[in-house]
Each structure stands twice: as structure tokens, then as C-alpha cells.
Amino acid sequence: MSNLEALRDQAKKLLAKGEVRAVIGYRKGSRGMAAEPVVITRPEEAATLVWDPTCFHNLALYLVEDQKRLGKEKQKADKPIAIVAKGCDARAIVVLMQENYFKREDVYILGVSCETTGMVDERKLACLGFGTLQSASFRGDDFVFSTVSGEKRVAASEVLADRCLECRAPFPKVHDVVFGAEKARSLASPFAALLQFEKSKTSIADRWEFWQHQFERCIRCFACRAVCPMCYCEECIVDSTRFVVAPDTTAEEKANRLRWIERSATQSDNMGYHLTRALHLAGRCIDCGECDRVCPVRIPLRLLNTRLEREVRETFGYDPGASVDVASFVSSFRDNDPGNFIR
Amino acid sequence: MERILDKGHLLDWVATLTAWEVFAPGFQDGIWGYQPVSPSAEVRLEHSNTVQPPKNFTFPQREVFFTYDQIKGEAPKIAPIHPKPKQRVVFGVRPCDGRGLTRMDRVFNEQFQDSYYQTRRAGLAYVGLSCNQPTGPNCFCKSVGGSPVSSEGLDVLMTDLGDRYWVSSVTDLGLALLEVGGSIFSEPAQEDQNQVRATRIAAVSHPQRAVQNTAVVPSVLKESFSSPLWAALAQPCIGCGICTFLCPTCHCFDINDENASSSPLRGSRVRTWDNCQFPDFTMHSSGHNPRGTLASRLRQRVCHKFQYFHENFGVLQCTGCGRCISECPVGIDILSVVNQVCSAQVNGE
Amino acid sequence: MGDNSIYQPKLAEVIYIKDEVTGERAIKTFHVQFLNGDGFEHACGQCAMISVFGRGEAMISIASPPLIKEYKQFSIMRAGRVTSAFHELKVGDVIGVRGPYGNSFPIGDWHGKNLVFIGGGCGLAPIWPVIQTAVKTQDKFNRISVFYGGRSARDIMYKTELEQLRANADIYLSVDKSEEGWHEYCGFVPANIMDKAPSAENAVAITCGPPIMIKFVIQNLKKLGFSDDRIYTTIENKMKCGLGKCGRCNVGKDYVCVSGPVYSWDKLKTLPEEY
Amino acid sequence: MPEQSPPYEPKIVAFLCKWCSSAGSDLAGVSRLQYPANATPITVMCSGSVSPQYILSAFKKGADGVLVSGCHIGDCHYMEGNYLARRKIYLVNELLQFIGIEPQRFRMSWVSAAEGAKFAKVIKDFVEDLKPLGPQEKLKGQRP
């Protein structure tokens, strides 16, 4: 079991000794049981940190924000920033380092192991009808929820998020210090949700009908992009109507910027956005599943990403987020990459 | 007019509304949303609340204003496009969303009347359903001037009495809907009267989360423009559009020309939803941005709801539906933001 | 019904184009004439939403005085997608115009007073109709002075018109840095004001230009004794509707497209600084 | 016989690398090879420079089929551009099929500057495969 007190102590020590600028972690939110991301800078704030089954957020996102802010203010950090990282968050940090977004010494990784469980899926949990929930905690292979009518103990596998059920590496391999053990687990097979989808939609027509309906529903809130640590582009292709303007952007550039995708949430434009995003994430997506979790209209975005992840792993033998030392997927190749589809 | 409707007769009533397109909450794709009701469909009003408010009925995500068609060297031909008037009834609208409609009316139906909104609004009837219990943990309608039994913005208000609904008309349009139903309804008995009274009292007495000292919030926020708390509270914000796109009263939009062909020039001028949380929302073409930080954009959203709208229209814009709280990916909680900023200001922190 | 839509522009033909400034910060002046007997009257300081079909709309202040009924004048700096499209137009092209939007300068209140105009860069255009109106009805006003500066001599717009104005008004031009052939003031506009020190006695100051210039101009005007209610300026924020609905131009509760763009400093200073 | 509307001719957008495939198409032209005129060529510097969004954009603007063609493996003017293209385009192909786009609508080929005849055949085959499918409506933008 990851020891919360040990995590808090470590965070406190790092801040008190001035070894890090800040600690990115989780604290209890104000809206019921869910935790929320927090950045603390004072040692006494370490006591507010939490680690429970509602720490869904991929905090690597805030490392990106931090780098962007430093860049904008033309500053260089003199100390690393510490971050609480689950297995998936740590993989995201590895991809960012692979892409030279920051260096290993810029970040101090407070790893936390999900051990045999992971994060709760609030929608699955809602089906159990516990009503308003005050808090959630780990207990071995189970979760315990405190409700108005007392504690409820549930086998984690019943309410785990799909991404956690299918997780290969619930342990942050790259870390400075880690809380909790690397434990063997017997959970659903990798790509279980994808395989089930493929079994149910075998024909081109079935699949088109499904995805057409999904893309029609998108309201273009861009939460999937906003929550993704890999979507760090200063200017996304969907912003081509209103892009980032720097002092040296000329009127010429502004006038002639291509408009790839309109702002209207039409099926065609939505599809252009989601497909491009999926391809931009190929070999980079570490399946934290955050885009899927936050989508307010529940578009199963994870299916798109895991479909490409499976190709990346099985066809190209590439393991996203596994190592800083290998080149990123799209900037490398193998002589024996498949070419039989080419005429 | 007050009537009693057996739950088993709800669809019979719907069937009599032949002059209207009927919508009701349905569970599809893992969420509750408003769906067209087909004669064979089952209408389920036991939903908590829909993920998206019924805003789309009056203010769709995309509205085409006109098309243009221009052969090079000639004057463009402009063809105005306007929605066809439609008679629509939406069942199961919660009181917070009914009040949301009245807030949209203030924006689109008063100074500079928006004919697109008006046309869609004119043929629209809301058959509301009062909330016997808060629909979610983040409801706070009572502290922003609403109530779980409010009929504001609704044409008919229904209250669930177990095996039947208490149905009362609110507007003339609502009365017409009841009259169409005719004998499907029955006269309320004294017992029904007693029960609806008791149900509504119980509904209103359920505890909710709350905005503190609502009456002074607009004036306190006005003093809090430079509060350092805005930056602290906006820290986890990821700048997505969930809070505003799911809001029953957010109405910001963008207008763009969408070209289908460049030669001859053909396309349409289109209004789409826009969002004060996107960084480029207020960015000038020079790059200057009056609201360039997450903090300033959070402040804009909160102050628009709780201060600016109140200063302009005398009512709060927020109706307490709680969607922005429940669906925020990182737990930004408008209630907590308002309460923290205001209490810090009042206590001189 | 769509014809009555508040978003429907009227068609207007470009009848005159002049290059005011060339280069990076190019400014062109356009005269446009409504087609089909359409049109609208406007007051000094009001704006119009003008569009090149296929490229989009931009809010531009109407630079011609209300006295001129035959056409509307717009002076546009090339800055982005839409303004660049305007710079590509030729005489005879047809654009869309809707408006007029916003409030206007309270010229009627200024009768009998000295008027001090202070402009910088393309900020001369919004106050130009006031200057024109004041000069054409000069008997109603006392002394008229115009301070105007550009980054360099080639950034000075309305050159010819300013020269013609010298007969009726005091014109004080400036460029930011000294350059060959420039015989007037060298330095920023706020400094030029302190240099010439126009009297605040019975005077109203009207200023428009880059935000940083406005800030220092107002500081200096106050030093010269101008009271807050005698200083007028215009602000611009990004706009899409012009009707107080689209939600982006607000400064506090004020939608600049409806309550602005003209503000007296005593009003503006009460609003949050979001412009 | 009743008058018939002209037979359906699919529109193809072909992204051709400047060094090989574009030269190959020129060769097909100057060699007076007969092949269908359905392809709109867009010359790019390298097949590796074809971003997936170009492909999606072509479909969105109404292309019935999209072809990406570059130098043979080992012949890239920039040494490894086509290696990078190969894995990238492979994924585009997989993703398009995954969401339900007919596999016949998207194609990649290697055509060298000397292979005018091969270029003609690639286009001819593509047109033949596209014809039975009819116009591509799935990814096309519908306006207004």
C-alpha cells in the first residue's frame, strides 16, 4: 500500500530543504469525494496532499503548463519541480522527456504505485447507487467509499476505470522515490475494450455507423485536448481561425494561415479534429485515458487511441513511454516496417 | 389549470400533441439527453438531469446566417437563411434550466432582438418537472434565487406524486397543451392537493450546497477584481470549454465565414458557440489579450454570472444547476470559488 | 424574415482607395457607397462591422463625419485575416457593412470650448470624424488643436488632409525618433503634449491611439489640469457581434460595442482594466 | 436508348514527391501513356512531409480517393523520408478503416522517376477500384 504519510513527509522535506520549487499533487476537492490537482509551494501544505482512488488526473499536464509559463516569462528554473506520478503519469513524463520538452533533472518524480487496483470510474460507481459519496480509499484489492449510510466496500475490479483494468504498468518505473510496491496483477487483457468493440462491429458499414454517430455528438469543448499532456502544441490545427499571435507574426502570416477545420461542430469537422488528434498521439499516447474520462458527451476516444497503440506495439514493437533513451515513434523507423500495403 | 396525470397516461398525452415535435430525456450513449419522442418510445422522466441543458433548442451550436455566392468581378449574391418556425415541446425540463431560458431571453430578446433566437423560442414549450430531491450533489438553485419547484421559464410544471403527476399550467401555451390532452387528465382531488403541497414543501426543504450571502455577492465581487485568489483558484484550470458549453445560460458566440468553394466564392456566414475560457477568445489581431491568463478568464466566467449580469439585468445569471461543477475535469467548483473570493474580501484577507 | 436579421450586412461598393501608409504597418483608406438605396446615418465615434465575404467581419470605426452622406470612410491597418482581405480590395468590389454600433462623442456638449485632439498611429481614424465636424462647424467651437504622432514619418496617415487642416486648426505632428527631413517634434506623443502644453482652461481633450500611449497621454493631460470628465478616449476590444451578445468585448459589465467605444476618463477609470 | 448522365468519374487527390513520383507522372505524360485523368496531383517535397491532416483535408474537401506516392525505399532524396512516411501512412490507413472508410479509398505507392508506366497503372487501378464505390460522402464537409 502506498503510504500517504510517507508521501506527505517526502513532499514536506523537499519543500523545506528547498530542493524543489513546488510539488504537483492531489488534494481533497470541494465537490464530494473527488480529489483535485494542486500545486503546493510551502512545506506546511504537504499535509493537504491525498492519494486515493479518485486521483484520476494525469498531472504531467501541469509540467507542460509549467514549462510553457517559464518559456513565456523567459525564465530558467533553478530547481526541479516535484510531481506525484502514477504509472501512466510517469509514462507521460517519459514521452515528454523523449521529446525534449524538459530534462530528467528538471523534474523530481514522487512515484506512487497503483499496486493491484487503480482509479475508480465514476460512471461505473454511479450504477451502484450509493448516492452522495464523501470519500474513497484503497483497501487491498478493494475500494472503500464513505456514504451517508456508512462505509461501502467494493472489489476494485468492479468499478475500476477501463484504462486501469487494462493497464500493463501500474507502477512508475521512472521515479526519484516511489511509494507502494510493484505488484503482479491479474486484470483484464490489454485492449479488452477495443477487442470487444471490434467483435461487435465487424463490417466497415457497422463501424462507420458507430463512429459517425460518435463524431456527430462532439460539442467541441476541447476538454480531450486540454486534459492531454501530449497535446502541448502552441497552436492546434483547430485553432487555425484564431491562432497564436506572437509579436513577430506578420499580417501576411495571419492572413494566409490555412484553415484546416472550421469552428462549427459538424460531423466532418469534428472528425477532422479527432482523427488528426489520434494520429498526432500515435506512439505517444500512454493510455492514461483522461480524454475518455473527461468527455462530457462520452465519446469513446480511448478506442481511437488504443487502436493505434495496438498497431504501434504489435506491428512496430514500440512501447510508448517505456524509455527515455529510444527515439520517439514518429521520428524513427525500422527497415522491416510493414510495407505490404504499398503498391 | 391544475390536473392529475396517471404516469401510465404520459404517452397518451404526448400522442395528442400532434401539432408539436415532442422531446424528452432519454438515456443514450451513456448519458441523459433530450431526444425526439417517437410514438413507440418510452418516455422516462426519472432522469436526474441531462448532461447538456436544453439550450440547443433556442441557441444551436451552429446557426447559418446567410450564404454568399460570388463570381469573380461580380457583386456577391447574399441569400439569408432563417430557421423555419417549429412547434416543439420539451418534457422533463428541470426548474434550473427553465430559469436558464429566461436568462437567455434577456440577452437575445431585449435590446437588438435576435430573430434566430426569437423564431426558435416562439414555438418552444417547456413542460417542466420539479425536483422532489436535488438531482445531484452540486445543485444549489435555492441560493441563487431559484427553487426546486420554480415554474419560471416553464410553460407547464409537473410534480411527481408517485404513480401520477400533478400538472399545472404556467403560461397560455402551457394551458393549450393541457387542453389538447383533455380527458387524459383528471381533476385533482383534495388528497392530491395535500400531497402536492407536502411534496413541494419537502422538495424545498432538502439541504443543498449554497452560495453564501447571495444578496451581497455582486457588490463584493466588484470589489474583488484584483483579488490574488483568482490566480490561486484558477491554477488547476485546463482551459477547456466544458463549464460554459454545458451551462444553461452561457451564450457567447463566434461568427465566421465558412467557404465551400473559393472560385466561384461560395460559402456561408455562420454563428457557432464560443467560450470565454479559450485563450484566443479575446485576443486582438495584434496579439494583445485583455484576458490572457487563466485567472482572468475564470474571473470573467464567475463575475459574468454573479456580478456583470446582475448589474445589467438585476438578476444573477447562474441558476444553480451544478453542471459546471460536476463535469469539470479538474474539480473547479464555482460555488467554492464565489464563496472563497467573497469571504476573503469581506474578511479583508 | 432573415432580411431583418441583426447580423445581415448591407452591401456597399468600394468607390475609392488610398494608400495612407505602406510597409509593415500598412494603412489604407476606403470610401464605400451603399448599393440598392441602402444605408444608415451615424454619429461621430460610432463603428461599423464590415466584411469581405469569404474572409469575415471586423469592427472598424467610421472615419467620415456624419455630414458626409454619400459614402462612409474607413481607414484600416493591415493586422490580420480580415483587414488583409480589405487591403486586397479594388475599386468596384462589394463588401458588407452593418451598423452603426456603439455610442458617440458628445460633441453637442462641447460648443464654445477649446478642443484638443491627440492621436497616435492609426488612432487618428476614430477621432477624425470629430475633427472634421468641428472644423466644418468651427463657429461653434473655440480653438482646435490636433496632436498626432507616428513611429516614423512614413507612418503618418492623412498627411494631405492634416496639411489642409492647418488653415483652421493648430497641428502638432511628431515622430518617435528623429529622422532626416523631419522638421517637427521628435519624441512620443505624450511628450509632445507637455512640450506644447495646451491650456486646460475651457478645453476638452479627445485621445485615441495605442493603449500605452493613451495611458501616458492621460497622465500628462491631468498634469496640465484637465479634469477627468474633460478627457475622452475610445477603447477597442475584440468584437464579433457589435450587439452586446457575443460576450468578448466586455470590460466589467460594459459591452464596449454598445456602451463604448467612447468613454470619458472619469467613467473609464471606474471600470476594471480589461482592455 | 434514353439519354444517360455522364458516368461517375472519381476525383483523386495525389500527393506526389517531387523527386520520384512527380517526375514519374511527368514521364507518363511525355511518354503519351494512356491513363485516366482523374487525379489532381499535388507535388510535395517528400512523401515524409505528407501530414495526416493533408489526407483528411483532401477527403473533407470532397476527394473520392487519396494517393500518397514517394520514392522507393532506399531511394529517398532525404535519405529516410519515405521510411518515416511508411509507418505514418500505415497508421492513417489503419485508422481510416477502423472508423469505417472503405480501404479502397486510400492508397500509397512507390513510383520512381523512371516508372512512368507504373504511375499510369497505379492511377488506372485506383480509378477502377474507386468506381464501384461511388462518391465519397463520409468525410466530406456538408455545407451550409
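The chains carry the letters A, B, C and D, assigned in the order they are written, with residues numbered from 1 in each.
One rule holds in what follows: a residue touches a chain if its C-beta (ideal position, glycine included) is under 8 Å from a C-beta of that chain, and two chains touch if they have at least 3 such contacts.
Nothing here was measured: the structure is a model prediction, and the numbers come from that model.
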item	value
Higher-contact pair (C-beta pairs counted), B-C versus A-C	B-C
Most distant chain from subunit B, judged by the mean position of its C-alpha atoms	D
Between subunit B and subunit C, centroid-to-centroid distance (C-alpha), Å	39
Subunit A and subunit C, separation of their C-alpha mean positions in angstrom	49
Between subunit D and subunit A, distance of the C-alpha-averaged centres to the nearest whole Å	35
Interface hub residues of subunit D, defined as touching at least two other chains	141, 143
Overlap residues in subunit B, where contacts from two or more other chains coincide	81, 254, 256, 258, 267, 270, 274, 283, 285-286
Shared interface positions of subunit A, touching two or more other chains	245, 254, 262, 266
Sites on subunit A touched by subunit B in the complex	29-32, 34-39, 57, 61-62, 123, 132, 213-214, 217, 219-223, 225-227, 239, 241-247, 249, 254, 262-266, 290, 293-294, 296-298
For the subunit D and subunit A complex, residues of the former touching the latter	52-53, 56-57, 60, 73, 80, 83-84, 86-88, 90-103, 107-110, 122, 125, 138-143
Residues of subunit C defined as touching subunit A within the complex	24, 26, 78-81, 83-85
In the complex, subunit A residues that touch subunit D	204-212, 237, 260, 262, 266-269, 271-272, 275-276, 278-280, 282, 304, 307-308, 311-312, 315-316, 329-331, 333, 335, 337-339, 341-343
Subunit B - residues contacting subunit A, complex	29-31, 51-52, 61-62, 137-138, 235-236, 238-242, 245-246, 254, 256, 258, 270, 272-275, 278, 280, 283, 285-287, 325-327, 329-333, 335-336
